[in-house]
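Let me begin by presenting the structure, written as structure tokens, before commenting on it.
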Amino acid sequence: MSTAVTRADGRALDQLRPVTITPGWSEPAEGSALIEFGSTKVLCTASFTEGVPRWLKGQGTGWVTAEYAMLPRATNSRNQRESVKGKLGGRTHEISRLIGRSLRAVIDTAKLGENTIVLDCDVLQADGGTRTAAITGAYVALAQSLDWARSRGIVPAAVNPLSGSVAAISVGIIDGAVMLDLPYEEDSRAETDMNVVTTGTGEFIEVQGTAEGAPFRRAELDGLLDLAIQGTAELTRLQNEALAQAGVSL
Amino acid sequence: MSTAVTRADGRALDQLRPVTITPGWSEPAEGSALIEFGSTKVLCTASFTEGVPRWLKGQGTGWVTAEYAMLPRATNSRNQRESVKGKLGGRTHEISRLIGRSLRAVIDTAKLGENTIVLDCDVLQADGGTRTAAITGAYVALAQSLDWARSRGIVPAAVNPLSGSVAAISVGIIDGAVMLDLPYEEDSRAETDMNVVTTGTGEFIEVQGTAEGAPFRRAELDGLLDLAIQGTAELTRLQNEALAQAGVSL
Amino acid sequence: MSTAVTRADGRALDQLRPVTITPGWSEPAEGSALIEFGSTKVLCTASFTEGVPRWLKGQGTGWVTAEYAMLPRATNSRNQRESVKGKLGGRTHEISRLIGRSLRAVIDTAKLGENTIVLDCDVLQADGGTRTAAITGAYVALAQSLDWARSRGIVPAAVNPLSGSVAAISVGIIDGAVMLDLPYEEDSRAETDMNVVTTGTGEFIEVQGTAEGAPFRRAELDGLLDLAIQGTAELTRLQNEALAQAGVSL
Amino acid sequence: MSTAVTRADGRALDQLRPVTITPGWSEPAEGSALIEFGSTKVLCTASFTEGVPRWLKGQGTGWVTAEYAMLPRATNSRNQRESVKGKLGGRTHEISRLIGRSLRAVIDTAKLGENTIVLDCDVLQADGGTRTAAITGAYVALAQSLDWARSRGIVPAAVNPLSGSVAAISVGIIDGAVMLDLPYEEDSRAETDMNVVTTGTGEFIEVQGTAEGAPFRRAELDGLLDLAIQGTAELTRLQNEALAQAGVSL
Amino acid sequence: MSTAVTRADGRALDQLRPVTITPGWSEPAEGSALIEFGSTKVLCTASFTEGVPRWLKGQGTGWVTAEYAMLPRATNSRNQRESVKGKLGGRTHEISRLIGRSLRAVIDTAKLGENTIVLDCDVLQADGGTRTAAITGAYVALAQSLDWARSRGIVPAAVNPLSGSVAAISVGIIDGAVMLDLPYEEDSRAETDMNVVTTGTGEFIEVQGTAEGAPFRRAELDGLLDLAIQGTAELTRLQNEALAQAGVSL
Amino acid sequence: MSTAVTRADGRALDQLRPVTITPGWSEPAEGSALIEFGSTKVLCTASFTEGVPRWLKGQGTGWVTAEYAMLPRATNSRNQRESVKGKLGGRTHEISRLIGRSLRAVIDTAKLGENTIVLDCDVLQADGGTRTAAITGAYVALAQSLDWARSRGIVPAAVNPLSGSVAAISVGIIDGAVMLDLPYEEDSRAETDMNVVTTGTGEFIEVQGTAEGAPFRRAELDGLLDLAIQGTAELTRLQNEALAQAGVSL
């Protein structure tokens, strides 16, 4: 990979920002993690409750959903609260749906039984990559909440609803160079921007690539995917370390 | 490509449904097209108005945006109107944003001047692939509205804000087979579902792949992309035919 | 009737615009009609579902309601979507209520049994008279959906919930002359504007007359009513033709 | 007129309920009236402000609009507040629009100059006929506010924007008998229900007749109109008395 | 108490405005009072219904809640309706909650049984002190509705859910002088503003003091409380008179 | 003070929970503090922007406002987001207004010039006392943002818009004992609950006392006020320490 291009924060093109995962940050939640990708900080909580929404009752399967939001001053200029506007914006809806889909891909809702898990991902500070940090942190909160439920027998200890792990990273092309994990400054001038969600074994759950400036070619797409898989592999390792340290058995 | 798998409607795996594009379907709009992908029918209109929203004034650039919606009985069972609910759903927001991004990728807003184009894509009948039909039809309406503006000198006739064309198609994997242009029945049981937006020259504008059932591998992703490019090439040809027939000079 | 006054489209004062009714336009709906009054085009669908809203359960009677809406670019300048505004306008509410009342006047909900019919009238193109076209088309969709239900035994074939038919037309006074079926251009400069809904046998279901410019006298009111009855009689004939052609037995 | 039919409150078929109009009931408003039709009580205020909404500026004409609402316990059972529901119901919209149209029919907005009058009609107690009482009372508040403006020279004293007066009454058919001014109990079992708005000289401003039970014939319509004109003539007399007593010069 | 300071309306510093309480003003409500503090007029109704909201069912206790609102032209300039805005303002919420809390402090919901009382306080005219007038009037409506329920045996006649009475008054500091019952003109220039809710025996239910201009000292707070208790004692006497006159046995 | 009563967390009746103030917790905001009262954690940010809302322009004074919110899983059971509900609850409105009033009491908006400060108080974890922690932390964020503005000359360095400091604490009566700084468990069973906001010099800005169970007597009120003043004095000391440590000159 070319090293001629230099990044503002001195990272190599294929290097993640410093990543910190603090499992159990929230006292009241059944599972939680404060995840940091550089200056991006997202608080992820998993709320585990017995029972499912009315329309799912009696089918023996559980329900997993996610909500994403940003504090008004998470960014350099203040954004009006969506609660004050009285409606959710399109971006909020879109990211909430992405997080929910990504985590449902590794959970077997039949094994979960008639239980509900709500994943809340609240961005406390935003510097690019908030949706990928949210997915990566939400997995840790989810795993912790399942450990909580299995240790109490709400889900039988012998049953593991998780079929694998999930991590996500952004990649992009700037001045023709393919780069990993874009902070806001890079993201805003990327020609192509891609978010990739994979399992811990490197298979794809979601691939979303967008031409921001000019359309992109197949070879560029391939380069982006290669780099993303390398990034999520590293995040998988950090997730496992965090869960081990928190005493969560998977 | 395997032909052992048969499709309910008898198509080959790499075959589009019958596609019909009727440019100029709407009398009042500056540009319009009724587009049909099999039983899916989307009415696309382009509303061209002079001037831009307040926050863009004086910058010399135009504005292109899109709104997607579905009639309540476009589907097999009736859906409540979003106007009655009092808010847009996440899916509506997400598709509206996708259509807008896709068309902005081929329009040079500086060349458009301080003019606004709103693309409305209303699904009259839905049988899968509504977002890809909407993008494909919206391009025809957009091109027609620009022809209207250039023929009146609102945009100088010597200036062409369009840098290319846009078409979109869905592809998916069902029972392990890669298929083109999924109707609702196939879409609802696909293991992987992908929407691909390309330029008329086959470069990518947007790639969105989602694991609905199981995660997908790199080889599967490659097969989906190959088939999608073949599909959008065919749609590009049909768009050009429709515009030629409507007397639109590009 | 005076023929000294000429109309922009060359019609006689007591002449309808060309009316086209296409029953069964929508594939998924149980009943439907695309109705055209000149350039006004309204897609009417009837959604027949077994069961009634909770507050009606166990009373043995059915429920018939209507919703009217307009596509944003149905008119010469684009209107913001009510789903985007987050609320229905007064005009939308008022017309939806009028359509519902008009159709409930010819249906015996006790004979309908505990079934619900929702009539959706979506204006695809608007050139005056959208509410009268909507009522006239909604009757065709309603009749078709009842035929569907009776042929399947959901409503016993021996029971006909319809007690008659419904049609509606606008009349108005322009430059002192009484005219039938006003397009937008005439409607906007009428001194008095009246919408009349009648049964197929010429009795009144709804009479709504409004002084737009100057108050109107009793003799003028009488002239308007005479002309309206003549118009709805002609529409009744066209509805019956359309239903016969669609194989609907009344 | 038949007197064989007796009414619960002992009135003749062509007799109004006791009507009371108290002009100037509200201290802060420029014009006001508390109007009572039997147990129906509506507080009407006219808010006169200099200037017009932005979209009317510089055109030299004024703006008159109306808003109708009902206190939650105006009726026998409590209704949820529309402010709590977060949206206006269809009935509220429809009546507000009717009141506004009715009053605009007798005011020359060019003579009003760039001034705005908002008529608020709040139902304190409801026993049928609230919309007709509201229109009749709103005229008194409107006239008083214009007197206020002309006495201060905001509208030149030599200019009278009012071209006449407005009053409204309900009529209906119960058990085949045509009756004037229906309280709730009669209104709820009327076969046909009609609201008629006239000028003080007996010309029509608005005629709204609805078949509640069975469609109605032309002869019935004629009987209803005759009775309504008689009722609004009596209301016109009471309006003039109230205004004279309040020292308003018309 | 200093008498050097004179008030615009000539009152002594420790004197209430003329207070009028008209119990039973509303015909349909189970309890009601029109209460006037000078030019402030509030219509208070108590809606008594059998049964409780779903989440309280089966617990044997009742539910008492309150809603406060203001007519748009209750004040010198017109305010937009909250029903039109589509949401309640913070002030409305805050006062509604205060009224509800204040009345729940003197009612034993276990003795009320599974019944619901909704107190609606609608300000018809506002000249300061609307929240204190509302609480004082709502108590009268509440007492009357309980008398209604006990006389019908809906609440056993031998059981009195009321443990006492409630009254409220405003006090404030203007130019250093402590004053009772502030009209709008005084309220808007008070340095400190306090609303005090007490029982009929002079104990505190709610104390809300706010520094509008400068922070206030302990001695000032003491003076405000002394004066408020004197004011609510006088209001308690007037409430009892009104209830006695209406034949309500407490 | 009686020590016979013991508290669940072992504190003396007049003892605060451990209080931590971390100034500058947020990187993008002009001022910020993470404040903890035991398990209650509130992130307070101050967003300083040049300019004022349109309705204040040209008056030479600034604008200070506050918004309070709670993350959905700040509490033991998850609460639905207000952004998803589409409206703010009464409690949110009430606390936001209290925070804004409290801080405006110590800021001279004329000295602030035409600048705006928005204080966002987001509760990350809630265990009682969130509104008092929010006010106490918001003061630190506010002071820091003013230091930022004065060091850049946006507000002249010679001008200090702050006239003092603000702190707030809760007090309550449980089993007859007066206690300082109530966590959720105590708050929910308090007979009387009071929030007191004072200046750094011990004068009152806001006093809000509510009888939750039984009405309270004057002597109890006096005991609560004494204890609150002692608590806010201690908080003032901690605020000053935090600001000094952050290098903020007051």
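For reference, chains read A, B, C, D, E and F in written order, and residue numbers begin at 1 within each chain.
Just so we're on the same page, a contact is a pair of C-beta atoms (placed from the backbone, for glycine too) under 8 Å apart; a residue touches a chain by one contact, two chains touch by 3 or more.
All values derive from a computational prediction rather than experimental measurement.
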item: Partner chains shared by chain A and chain E (touch criterion as defined above); value: F
item: Shared interface partners, meaning chains that touch chain A and chain D; value: none
item: CA centroid of chain A to CA centroid of chain C, Å; value: 51
item: Averaged-CA centre spacing for the pair chain F and chain C, given as whole angstrom; value: 60
item: Inter-centroid spacing, chain C versus chain B (mean Cα positions, whole Å); value: 33
item: Chain A and chain B, separation of their C-alpha mean positions in angstrom; value: 29
item: Residue numbers of chain E (touch at least two other chains); value: 86-88
item: Chain order, ring traversed from chain A with chain B following; value: A, B, C, D, E, F
item: List of chain B residues in touch with chain C within their complex; value: 26-29, 32, 39, 43, 45, 47, 49, 67, 69, 71-78, 81-88, 92, 118, 120, 122, 124-125
item: Interface residues, chain C side, partner chain D - complex; value: 87-91, 93-94, 96-97, 101, 105, 164, 198-199, 203-211, 215-218, 221, 225
